[in-house]
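The data blocks that follow each hold one structure.
Next come two complexes, and both contain chain A; in the first it sits with chain B, in the second with chain C.
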Partner chain A sequence: MSDTTNHQRIIALEAENAALKARIASLEARLQLNSAPPQSLTHTTPTATPELSAEEYLRYGRQLIMPQIGLPGQLRLKNTRVLIIGIGGLGCPAASYLSSAGVGTLGLLDHDLVELSNLHRQILHTLAYIGRPKVLSAIDRLRAANPNVTYIPHITALDKENALEIIQNYDLVLDCTDHPRVRYLVSDAAVIAGKTVVSASALKTEGQLVVVNKPTSSEEGGRGPCYRCYWPRPPPTESVVSCGEGGVLGPVVGVMGVLQALEAVKIISSGALEGQRAPASANEAAAGSPGTEGPSKPEPASMLFFSSYSPTPFKTLRMKGRRADCISCGTPSDPALKITASTIPDYDNFCGPGPDAVLLDPKDRRTVMEVGEMIGRENVVVVDTRDETQFGITSVGGSRNVPFVLWQRGGKVPEEFWRAVEEEGNSADPQEEGEKGKGTKGKEVVILCRRGNDSQEAAKMVMEDPRARDWKVTDVVGGIGEWARKVGGVVEY
Partner chain B sequence: MANIPITVEFSGGLELLFASERSLSLEVAEGTTVGELVNILVDKHMVDTRTELFVVDGTVRPGILVLINDADWELEGEESYVLEKKDTILFVSTLHGG
Partner chain C sequence: MAGNFKILYFAATTIYTGKDSESLSAPMKLGEMYELLEQKYPGIKGVIQGSMCTVNLDYVEDHELVIEAGDEVAIIPPVSAG
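Here is the complex of A and B:
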């Protein structure tokens, strides 16, 4: 067997092993749930809990002596099961702090494998785990620091088939995912299961945090707003930017992950989750649950907004709160719209076409190898539509930079493009419409971008412009990334 | 009618639609509503031609929150809110990365 097949086999076995372990843990948990006596709401200290070991008193001593935690808070942490969905830039720091703080059971869910480009922000992963599941990489590191915690790996993507079943086994959920589709799914499933979600996100230099479906006495039904209450309608596909496209600063997403852990510690140690029930009995909670300290203080809905380069980086935005007609947590005017366990929507509808759009006829697209050979020919101009920052990182020799934002701004071919082409092959003057010929004929303009998506849009605009009617206009399949892998001379990032 | 000074802020990537300006200091006519302000922004300040990334069906598109002095505009009467001197109107779009 080759090294690669061996490697793949190992990954498959690891995943299988992890899945079996998770199954055992989930069955054990259910067994425990079934045998445990119903918890009384009137006790602030859980009664049937084992005390802390001598090692644990020492280990958690520095937080234990804080009045906000104390022995009751530490025991609550120990008896709480937290699910972290997404073990990336948010999930890594969040998992670190929750594990260190002594949360009894941590479930980690992610289907991704560790990549080199993750390491600048996903601080649990190490080189040794590249190409292997993030969940296993994270558990390895977490266990090394705190073996007292029970770690449950879920090496799977969350979907509408498994969401409810997985979330039901936990007391609190951290949404550390990276796509709106999953965020709505997590919230919908959590509302049905009666669980609180600490949801955060980050991009570039900014982050947002909301607590979803939080036990509270200030809202009817005993619960705070769900994710849909904050963002009732999903954003259009073209406005969704991922960290891979938009970039993200490690400490920015790190701050958000740490804030999620902090919010989780506050919610758990205060006892707010005690008496947490599925929505059927939510009205009881609204009536007030004597004895628990948690959901008694009215708290207006808010969103934490972090803008790291702003002179005032932290803002707490005052939000409207629960929407009475919310299709997830409220009572929609049309009852048929209400989301239930069997009608969790198909979230694929949100994300529209995948990242590899095909706008151009295949005959108008070139491979990197073809263009690599054309470079340097007199009648060939390569125009790169990546932004200035990326162009500054690496570029094809002789190519001209006309950032895509200029194309989007005007909704037409920008002047900068015509100028660049003119300067490059100065024999051609596209504005002399009557006098074509003179080196204009036979000219080819090749448009290049990062992955081969923007370049198609730009090429299309040029093709549709009469000023370019005598040129051959093409774009490069796979963009600069493919160029780096196949032709060389530029770096992959 | 007199003009009043207000501040408009963009974040979550919306600044890219406004020539990468995160903050604008504007003067608007007294009595201008937030709804009218949105139109003024589209007509006079937006540089990107893809207006649908900011406004859909005459109001800000899904996925954008409007905050009037850090409070959700739904708490303040939404589009009908009448701007006051030194108000800060913040437009935030959903972030998804993680």
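Here is the complex of A and C:
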């Protein structure tokens, strides 16, 4: 062979060699990615890890490069244990984003099982998990996206017996619950245990978010207001409305859950929680050194208020600091009032009876089957106290709609009720009619609502009104829901 | 200075007021406003007692605070659902 041919051959072989080396390097990188064991499978007790795996650098790359996070912020996330109380409309999006962001340990607490009516807003749950614990449903979904996180299930309700014990194993708490009873408990327990709570709520078209017991400065013990500082008196029981009763739009509660996760990421990555626990290793202590951007001085306490149908949907309300005389986080003038680990109050007494209270005597309550047979009789009037929207979804033929809000406003039996009963009475055989507008003796007025709660209150108000003295007044146990299940002709929703 | 201030109603307060805002005559002390609302909307007192009140986005509690023309007052009951 000539020198030129050899030379050309050498160049070609060198090029081929370079291409093959590049291919080997690329394949080796992929092999490393696929074979790195997910850390959560190798140990059950979370330990501080000084660094991230190659997979984690790639996984969190898009947030790692942000000055607000950086390597120190990501390590803080990894070394923080967050408890999410409530895996519903708030908890599902919150858990999703915190898991994706690389929080090292995520506790999920809920006693509830997945139901069909959850699925319009509780976005981690699926048909496959209906009837099964929400906590397991969520962990299954979360782990499929990020197995690096240690997931700790708490399939239980939170109560005064277990609250402190559970909360003290975590560094930060998210209140994603649904009743003032639990919200006061979470706040009281968090204050005692020295933990910060990101608390949000949503109903209909509105949402609220506050940070409870937030570290406010680098001084030891500087903390923001607790839940009782914002709301020292619980709301009247009848004004406490659940998503099931008041309704909620999925994206409204979704926005609030995402904002909770965001607030948690901000708090954790800024190092604000570091004062409350000792770093587990020297490397972690080093990670606490400056390098993450965040607010240069402590932000005053505020509440984020979301009003989705308003032209200016997001408002930030400026709060004062802690109340000096707060019975949870302050110094009340009467020391006996102060809430401590041994004096956690009874929240049922504080917040009032639960939603399914029974106000009427059993003799004043009808079953749906009884009323199903009575309907259509001349001396029977059925009044439905659900709101217009719900009455428009489904209703019992022949019933009259007098929405409960009319009863609440004015605090007495509304004129619309007397009119409706009068009109029904007048449509009866005029020979049987007694005094016009008063109805015959033997008239029965049956009050119906969605589940049999408002109907009891309304019935009680009518019974106590002298205008109804000649009537029998009853309500229907189980309301429209029970009617749909046992009698038919209406739909359960 | 005379004129009006705006009051915004949220959540459970709207059950009693039937509307989400209205204009009231300024100046008025915060405590007087609460009494006026109970007169206009009997029963609202219970919800108001459990609510937070803000004037121009600042949390207020002092019943002697004077609300001026152009102020925006909000009554915000706690929402508990989630």
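Rule of thumb we're sticking to: the second predicted complex is superposed on the first by the 395 of 493 C-alpha atoms of A that agree within 3 Å, B and C clash if a C-alpha of one lies under 4 Å from a C-alpha of the other, contacts with A are read in each partner's own complex, and residues count from 1 in each chain.
Just so we're on the same page, a contact is a pair of C-beta atoms (placed from the backbone, for glycine too) under 8 Å apart; a residue touches a chain by one contact, two chains touch by 3 or more.
A quick note: this is a predicted structure, and the numbers were derived from the prediction, not measured.
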| item | value |
| --- | --- |
| Fit-or-clash call for chain B and chain C when the two complexes are aligned on chain A | clash |
| Contacts of A:K320 with chain B and chain C, given as first, second, both or neither | both |
| Contacts of A:P67 with chain B and chain C, given as first, second, both or neither | neither |
| Which of chain B and chain C A:S307 touches, first, second, both or neither | both |
| Touched partner set for A:G376, first chain B, second chain C, both or neither | neither |
| Overlap of the chain B and chain C footprints on chain A, listed as residue numbers | 86, 88-91, 176-180, 183, 200-204, 206-208, 231, 233-236, 239-243, 246, 248, 253, 256, 303, 305, 307, 315-320, 405, 408-411 |
| Contacting residues of chain B [partner chain A, same complex] | 11-13, 16, 22, 47-50, 52-53, 56, 61-65, 67, 70-72, 74-75, 90, 92-98 |
| Residues of chain A that touch chain C when the two form their complex | 86, 88-91, 176-180, 183, 200-204, 206-208, 230-231, 233-236, 239-243, 246, 248, 253, 256, 303, 305, 307, 315-320, 405, 408-411 |
| Residue ranges of chain C touching chain A (in the complex, touch as defined) | 10-12, 15-16, 18, 41-43, 46-47, 49-52, 54, 57-59, 74, 76-82 |
| Chain B contact footprint on chain A (complex, rising order) | 86, 88-91, 176-180, 183, 200-204, 206-208, 231-236, 238-243, 246, 248, 253, 256, 303, 305, 307, 310, 315-320, 405, 408-411 |
